[in-house]
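For reference, the structure is listed below as structure tokens.
Think of it as A, B and C in the order they're written, each chain with its own count starting at 1.
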Amino acid sequence: MTLLSIEGLGISFGGIAAVKNVSFRVSPGEIVSVIGPNGAGKTTLFNMISGVYQPGSGKVVLNGEDVTAMSPHLLARRGMSRTFQNLQIFQTMSVLENTLAGYHLQESGPVLADLLNLPSSRRRARAAEEGARALLKRVGLERAAEREAGSLSYGSLKRLEIARAMALKPKVLLLDEPAAGCNAVETEEIDHLIAEIAASGVAILLVEHDMKMVMRISNHIVVLDHGEKIAEGDPATVSRDPAVIAAYLGAEHAAG
Amino acid sequence: MSELLQFLLSGVTVGAVYALVALGFTIIYNASDVVNFAQGEFVMLGGMITFFLHAAGAPLPLAAVIAILATAAIGVAMNKLTIEPARGAPVVSLVIITIGVSILIRGAAQLIFDKQIHTYPAFSGDDPIHILGATILPQSLWVILGAVAVFIGLWLFFTRTLLGRAVLATSNNRLAAQLVGINTTFVMTLSFALSAGIGALAGVLVTPITMVSYDVGLALALKGFAAAMLGGMGNPKGALVGGLVLGLLEGLTAGYLSSQYKDAAAFIVILAVLFFMPQGLFGRKSTDRV
Amino acid sequence: MRLSVKSATLLTLLAFVVVAPLFFPSSFYYRVGALIFVNGLAVTGMVILTGWAGQISLGHAGFAGIGAYACALAPEHLGLHPALAVLLGAVISAVLAWLVGRPILRLKGYYLGVASLGFGILVSMVLNNERDLTRGPDGIDVADLGLRGLLKDAGLDLSNGQFWYFFCGFSLMLGAWFALNIFNSPTGRALRALHGSEIAARTVGIDVPRLKLQAFVISAVYASVAGSLLALQNKFITPDVAGFMHSVEMVTMAVLGGVSSVIGAIFGAAVLTLLPQVLTVFAEYEQLVLGLIMVLVMIFLREGVVPSFLRKFRGNEA
């Protein structure tokens, strides 16, 4: 059963194609990884899927519905949630409040009720807070709940973004380099967390440079190079693919 | 018929001024993403400084040149003292800063000069020229020709000179421009000098027709902005067309509807553009990077 | 036990409203106090719009003008009680804010600045030009609210100055209470989130344009009610209430005291209301001073005076 289907997605900036004709599918409980050298177009692909960029061509189909170029807040209502490679944290809010923001769809109600501080407004806020604290515990940030988010370490912020994204109770979760900047222990923790989330039936789309992690947890891997899909398959197949090896070696030579 | 032509002619004259103000907006916006609410004050300064120098005995051409240079210097000072220190600030802060500078200049002009309405002699006399039953003042021709000269001059500058191309490159992609060795700080300074100077020139040319006082800047800024938005933010051609269209609309409103509400034309244009085509006539869409 | 921001703000206001009169050198200061409270109310709306939603309006005086002229015109022409006229003004302001804000709040931040500037100019143009209705630049009389008479019948005999001082003081407290309710509610959290990162706010399901629009409408109602209170206490109003300089004053007050802090913004309102009263030469320099404050605060003290001071004082908490 397909939950998310990407069909021929493409976009170009100033005449240069950043992503070209990329297609693949993701099912519930599945972990699909998108890998590729720097600048391959992975983040751009995520931005199109999550409605942040308007695709130049192609379609995004979620649960049978065409959601191409739909505004992110409407995608959120349909069960899509994501994290960002370059952190998008609400800096001046507390860690708890950052997580609570993820409960927006569940906790928000009439403005007038909030203005008058009606019991209904307080009840909504309280229910969300319990959920948020439980989530923080799950990502190991419960002790930092009251701290200002801006004061946390990079690795902690990565986990905070996961907690916030989880707060939406998503059907599809897009994670853009969740383990970047984390040490070996933290990476392992995130690794477990992702597996756990997938086991609960969430479809996961992952971008990650840590190849060990990708090979360990992915069900399916999509390889991008210069915006194009050059290979696709299970971890074993992809890691033997000559085009993939060439792309990575080429990238390393160029960078080196 | 001749009545219509009359309204059109006066529309083109003010339209040329709005086009120049809009051009000033555009130059600064392209170089720095700053929307400069003080743009109208440059026009006011051009007129006021010229008047007071002329009243003090300076010949008109000399007074005008000094006014333009002085205003350009004020533009540069504005950039150095208020925009550069706030680089990277959110849009709201930048709006507050430029509106603050606008009021500051107004307040200073009111103290240094006065609160009176002033004018000085037209450059080539006041005998109206007759065209097909309508008339146009020689000074209107000065305004229109001045605007044409500025647009042609800038076009040559941006396309034919190395410096002009550097400015264009910066407006396309600041980081890339820095990487290829363009001094973007200097480009910012230049942009403020240019757009302040252009604003002052507009003031110098139009004052014999519309007169000047310390508080004319705000309305001009609003109209210049309306023109820039109508044409498409960031596009010099848009500034020209937007300015002319707005001027004509205003001329026709004043002629056929109500001269009291001719200033409302600008606001209606702003709302209509925002409702129906936020990109303006020649604007392009941009994708914010994440 | 530490007080929440909400209780601390409300207690500070209450203490000020009650205690300040003990130190008034003359009854004239009741009037100054009432003006401070009215401006404080308008500026509280700016906190919601600018401090929390991160949007800027340069035409909020237009809404104050609508609120004020509703009190001048509705009782005379529609036979409404002045209290209902306040309500009518607020509704008209809300509807206009919604109409103007809806297309604009989808766009980048400065568009609202420009459009609201135009809106304010338009309102003041109408108030100045439609002499048949508004009597033009000379101003118009406003009916009596009638509440002071009722209080007198009930045995509470206040002078006109005293009545408006306490009435505006308590109105401000009510306004501050509403605003602070929002701050800690889901709506307030969403507002602060979109201020922090608009992209992230959208991906967690926040309808950003709609939320900004709500903030714009609410702040317009604050300005409108403030305008009504001004008209009612002066029993007279001129189109200046809707003028551009009044809009600029509102922004400057909020920015000076601290645009994201209710108590800070009210402090800013107090300072800039007091200045012209104690310094008669101030009128001459008003534009210069307001302009300077806006520029300097934005460059050197972006949070505003009060939050910066509190931060120094209490260490690193907001």
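Throughout what follows, contacts are C-beta pairs under 8 Å (C-beta built on N, C-alpha and C of every residue); 3 or more make two chains touch, one makes a residue touch a chain.
Everything numeric in this text was worked out from a predicted model, so none of it was measured.
Once CA atoms are averaged chain by chain and compared with the all-protein CA average, the nearest chain turns out to be C.
Of all chains, B has its CA centroid at the greatest distance from the CA centroid of subunit A.
For the pair subunit A and subunit B, the distance between mean C-alpha positions equals 46 Å.
If you average the Cα atoms of subunit B and of subunit C, the two centres end up 32 Å apart. For this pair, subunit A with subunit C, the centres built from the Cα atoms lie 41 Å apart. The multi-chain contact residues of subunit B, meaning those touching 2 or more other chains, are 290. The set of subunit A residues that touch two or more partner chains comprises 52, 84, 88. Each of residues 199 in subunit C touches at least two other chains. Subunit B makes touch with subunit C in their complex at residues 35, 37, 82, 85-86, 89-97, 99-108, 110-111, 218-219, 222, 225-226, 229, 260-261, 263-264, 266-267, 270-271, 274-275, 278, 288, 290.
Within the complex, the subunit A residues that touch subunit C are 50-52, 71-73, 75-77, 81-82, 84, 88-93, 97, 100-105, 107-109, 111, 114-117, 121, 124-125, 128, 148, 164-165, 167-168.
Every residue of subunit C that touches subunit A in the complex is listed here, in rising order: 178, 181-182, 184-190, 192-193, 196-197, 199-208, 214, 218, 318. Subunit C makes touch with subunit B in their complex at residues 50, 54-56, 58, 100, 103-104, 106-111, 113-115, 117-119, 121-122, 125, 129, 199, 244, 248, 251-252, 255, 284-295, 298-299, 302.
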